[in-house]
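Okay, got some structures for you below.
In the two complexes that follow, chain A is the common piece, with chain B as its partner first and chain C second.
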Partner chain A sequence: MSDETKPGLKSPLRRKLLMGMAALPAVSMLGRPAFADVPATSAVNTTGLAVTDSEVTVGILHSVTGTMAISETGSVEAEKLAIEQINAAGGVLGRKIKFIQEDGASDWPTFAEKAKKLLVNDKCAAVMGCWTSASRKAVLPVFEQYNGMLYYPTFYEGLEQSKNVIYTGQEATQQIIAGLDWVNKTKGAKSFYLLGSDYIWPRTSNKIARKHIENHLQGCKVVGEEYFPLGSTQFNSVINKIKLTKPDVIYAIIVGGSNVAFYKQLKAAGIDLSKQTLLTISVTEDEIDGIGGENIAGAYACMKYFQSLDNPNNKAFVPAFKKMWGEKTVIGDVTQAAYLGPWLWKLTVEKAQSFDIDKIAAASPGVEFKGAPEGYVRIHENHHLWSKTRVGRAKADGQYELIYETADLVEPDPFPKGYQ
Partner chain B sequence: MFGDYSISDLGAILAMQGFAGLILFSVYVLMALGLAIIFGQMGVINMAHGEFMILGAYVTWMTSNAVQHVAPWLFPGYFFIAMILAFIASGALGMLVEWALIRHLYKRPLDTLLATWGLSLILQQAYRSIFGAREVGVELPEWMMGSWQATDSIQIPINGMFVMALTILITIAVAYVLFWSSWGKQVRAVVQNRVMAGAVGINTEKVDRYTFGLGCGIAGIAGSAFTMIGSTGPTAGQLYIVDTFLVVVFGGAASLFGTIASAFSISQTQSTLEFFLSGSMAKVITLLTIVAILMVRPQGLFALKVRK
Partner chain C sequence: MIINSRFFNRSELLGFLALAVLLFLVLPLSLDIFRLNLVAKYLTYAFVGIGLVLCWGYGGILSLGQGVFFGLGGYCMAMYLKLEASSVANTQIQSTPGIPDFMDWNQLTSLPFFWKPFHSFPVTLLAILLVPAVFALIIGAAMFKRRVGGVYFAIITQAIAAILTILIVGQQGYTGGINGITDLRTLHGWDIRTDHAKYILYFVEVALLFGCICAAQFIRLTKLGRILVAMREQEDRVRFSGYSVANFKIFAFCAAAVFAAIGGAMFTLEVGFMSPSFVGIVPSIEMVIYTAVGGRMSIFGAVWGALLVNFAKTSLSESFPQLWLFGLGALFIAVVLAFPNGLSGIWADHVQPRIDRLLASRKSKSAAGLIADGAPAE
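Here is the complex of A and B:
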């Protein structure tokens, strides 16, 4: 392939003919475009990333050991599925994706170290990774210093924007405001009790929720706001306070093992979620697995994706995921967002016709992915995604039933004015 | 905060809050008992206590699945079988660990801390490899969920009462075994003077092994019971370990009564503060109080005089 080293692809016709003839028998078998141009490596990779004529290397950086393995396992699975599907469809600019997986081990310095390894030693063209904000904050300076590209899947508190990160989950205002408007309008909710685990995401989210309730919803008030240390397992006192204040809505952003304790104790205390409205933004299908569907049935969750979504993309995605990872696996919001990462990167690379980080960062805004299981998404100028916000109601079988979705895509606004 | 509420409302909340405190008390006693035996009687700082608890929780989960498949009619009562199995599993693992690891370290108490901490990491990763990284949901029989309607406005969680009953039962059993059985006399003899106990013909190694096994077994029962109120995952044991040590150290090592008294005072402080302040602040104030008291009284509330 000596002519591949020539920049600019001067005689595509001859090459196409030759390659096409050679690949002819394979076309019908594989059903993929063997005619696709494979642009020269020197043209698409000017900064020395790990890109060869036939392969491109990306990194996967999540915790598969330690506390966060609970949450991050789904993301790893989704990213591997996406990579496999992209490869089956011909790869990226004619190159197969090869991935190197590193374990952040639920430890933030380890995340930073492994990020550096993936960028400096392995020269990964992109990295899909991180889950908690703490791990993202730990790797951010690394990605900015060594000019890498991170696809970050989790819904998070916002207040961040970087050239080197694409945020495929929702930022806080996208997730919160539509849900509060919905519960106010359809349930006539006037009083809210805000609960959360004690760290940045629940606190920032509740701050936004409080501002919205007090300033934008007519006659609504917050009757309580409380935080619990991560890992708290006792909620009987706060449940009594909820019984005393009788809020229209319990707004819960509790995470991790505490979730299980909270919903079990809520049920045991005789609070019936079919009568008491509870809205959460932190319980996906993944968490329900541990909580037990019968303990949370009736609660509402507000996010952008539910496994039960009824659209053609999702109907292909769910079986493919289960085929790869087992019938019993469930797919939560973040898992779906993680699945978007490799696809968005592929589409961006193809738009930019280059693997160079700077070109990808510049080409990202406007990239749209029509095959997203959640429907249609588009990357915003600020590197977050335009996406719909949905409200689902938990059923005893551990799935959500879609109750409401916004008519239009919701604009991501990581630095919301009037909410800080 | 109370201006807008009627007297009967407040009365009901007060009653329920009282129960919340008692439930927290039983949870603390239950999780600390096993550790109190091991730490108090043997001087071993068992950092893997939480993992022994979670083993009990996983056993409960497996029993629940097995019963649902094999004998669904047994499901309403499976929990009792699960607790016995949890006791056996955790106790057996405990004795194995004592034999393989702990007995070589008796003369170096601080090394047991390191060794058992390593053990806790190994166990966590083992659970993760065997059962998966995700939490598992333990399905409970219907009668154990929900609440008992004492009056119109007072609801008492059934699982809370279950934990209370279980705690009382196990505390009595442990007290009986330690203070009235002949084996208990041997244990106490070994605690007070190991060399002398050996000299009068007590097999101190055997006593150690069974004591450690008993402590771990009780941790297993606690873990099994906590599937009702908490999560079951590879690292869920870590959620309990700090509170557990707090209760044991504050109560004074080597004193069963101290453990109970300390669990009572910590749980009451915690649940009252949680009601009037917020969750995080309650924890902070409780911890500060304990630290202050321990500075004045480093041996804890009740200390046993032991000849070293």
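Here is the complex of A and C:
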């Protein structure tokens, strides 16, 4: 309903503009070549999305209230920055991006409701959103049913592939295998203690890690595996077990606020991270903000992006982000992946010369984004991204220092053979 | 009409008709299917509300754990739908085809025994009603026979809600964990995701809702309903008169549980998934709030409360994504402070008298005996 009324509201204004232009033939002649490369709306939008001659509407769907707000705010900020930059550079197919923001409220059914609203009511041409796997699982049927396009930023467990989703974060193997190989090779690590919060992502990731350790690394073994409820703050018993088993590597996939308790208790128990190797795939600069750099200094993290990356794209991205959202903001792995969403969508639309979801889905494989802060990314046939895996070491100032990166882009493999 | 005139008094009949016109005619004709589906979602909470009116408003048993029963009903339905969606053909890529996807992720290789009955639709329907009823019976018997009541009972129901959430989240191989049971597609081979199906489901739900309203009204008007009110006012007197207070309480609690479970099952059908976020403490308290806003003494009030609060939730969060929770909170505080009997209290105190006066002035004065409808003082 709303997209029927919108052009109606606008048309008097447009008519006035046209009349003004008719009075100045010279101007209208000058204006014409500029409009010539803007393809007609009827040609680029055959399925009734919210695309007008001058505007295209996209949705932003994250939690800005509730327990996940602290994590998802960075993604919202990155997406808004990307949209502003794209608009400043001329928009998408000559159309400015307008966004509608909805709050998922850290509540999965709300995500489904809002996703439906963005697709059915607002006819969004694309939606940037979701963070947790649970929210993605909740909206996925909605996107498939109403044929929408979701750009999902978080590193996640894999085991999923959809025509209607572009996964701009890493799937599990991209984050795990290269990191384990690295720690095995450079640290000579043989025994691993796996920890995780108790839900699908840590469990699946640890399953892949265990298979890799047991089947692919020579003479390595898992000496323990434990899970904690989301939000748990009691880690003393597992820390005692770690002290007894003395693993070469603590492999930690603890998420959210639990991290604060875990690293503080680790330090209080006398485990010195400059001597004990700890590898995490769940602590970005955002989490360190809460944990405190001094509590986690020395730990290793396996990600695809660190704020401290030294490349021209990142050197432009970090100041632009801080200029828009304040000097004190930090940029974690997921925030960067969220920034890729609007850009990849723009590039895909321009490649397809259409906003139609089916055409975007078909055009997505092979789209490359050379301006990515992490360096260079390309969309794979399976709608995940080719990207490098990097290992960083946490410093007391809350930043990571890049220690290692894979030589080539790592192929995304959401259904890894031999790891299930 | 003869039955009706005794079954509902005049103002109740008016409320019944108004609600029927709204739900059967006005909303389906004026809303598009997306909004109508949202209304259907709101109405699933009305089932819980009706149960709470019986058990809290009339029986004086405040349960802060209705989400448990809502969730049990919803999970029973979701298990059936999930099994249907996980046919061998649909799950070829899994290591064990034919079991739900989340079991496969959690290294289960066969269907757990308690999932097996949910292959059958009739068994599922029975389970939706019986599982919550039996569970409520056990809790009720354990509590009320020991004369645990009031605040203690409310706290225990909260604890049960918390326990069940932790259980569901922790046993994710068997329950889907925090993700819940998602990607539900067909009911007995009928695709529930199409617009057409959503219309049909909406009308089925509204029909069920009126069924529940009538059932609740029936309970209210029998001797049983009067004993419930008597128990709330003077429990000891009822006991000394020779009634088994505990049994009546257990009955009210079980009835509320069954209503909530029907709502939960409809929720799964309307929304297409079920997750532990409807089972816990917060949603359970929200359900009590809907009832309080609507008016805990009024069956129709509970329906209106569920509709309006959820409508406010949706529209506030659409307009003010970052501030809506404050707005909603302010709304609750305002309603509770200004109108302790909720929306139905506003109706009974301010609107009804005016209508009566209007009618009385037109006819000869005959509008007596309407006071009985109002809530007795606390």
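Everything below uses one rule, namely that the second predicted complex is superposed on the first by the 384 of 420 C-alpha atoms of A that agree within 3 Å, B and C clash if a C-alpha of one lies under 4 Å from a C-alpha of the other, contacts with A are read in each partner's own complex, and residues count from 1 in each chain.
By our rule, contacts are C-beta pairs under 8 Å (C-beta built on N, C-alpha and C of every residue); 3 or more make two chains touch, one makes a residue touch a chain.
Just so we're clear, the structure is a prediction, and the values are computed from it rather than from any experiment.
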After aligning the two structures on chain A, examine chain B and chain C and state clash or fit. fit
Go through the superposed model and pick first if A:290 touches only chain B, second if only chain C, both, or neither. first
Touching partner for A:105 - first (chain B), second (chain C), both, neither: second
Touch test for A:226: chain B only (first), chain C only (second), both, or neither? first
Thinking of the overlay built on chain A, is A:198 touched by chain B (first), by chain C (second), by both, or by neither? both
Give one of first, second, both or neither to describe whether A:65 is in contact with chain B, with chain C, with both, or with none. both
Using the superposition on chain A described above, determine whether A:298 touches chain B (first), chain C (second), both, or neither. neither
Is it chain B or chain C that touches the larger share of residues in chain A? B
Based on the superposed arrangement, let me know which partner A:238 touches: chain B (first), chain C (second), both, or neither? first
One more residue to check, A:121. First (chain B), second (chain C), both or neither? second
Shortest CA-CA distance in Å separating chain B from chain C in the superposed model: 5
Chain C-contacting residues of chain A that also contact chain B: 64-65, 198, 229
Residues of chain A touching chain C in the complex: 1, 64-65, 101-103, 105, 107-110, 112-114, 116-117, 120-121, 133-134, 137-138, 140-141, 145, 157, 159, 198-200, 203-204, 207, 229-230, 415, 420
Chain B residues within the chain A interface of the complex: 5, 9-10, 13, 16-17, 19-20, 23-24, 27, 125, 128, 132-140, 145-147, 149, 155, 157-160, 226, 228-236, 238-240, 270-271, 274-275, 278-280, 282-283
Per the touch rule above, chain A residues touching chain B in the complex are 64-67, 69-70, 73, 198, 225-229, 231-234, 236-241, 243-244, 256-261, 264-265, 267-270, 286-295
Help me check something: in the complex, which residues belonging to chain C touch chain A? 32, 34, 37-38, 41, 93, 95, 101-102, 105-107, 166, 169-170, 172, 177-180, 182-185, 193, 271-273, 275, 277-278, 314, 317-318, 321-322, 324-325
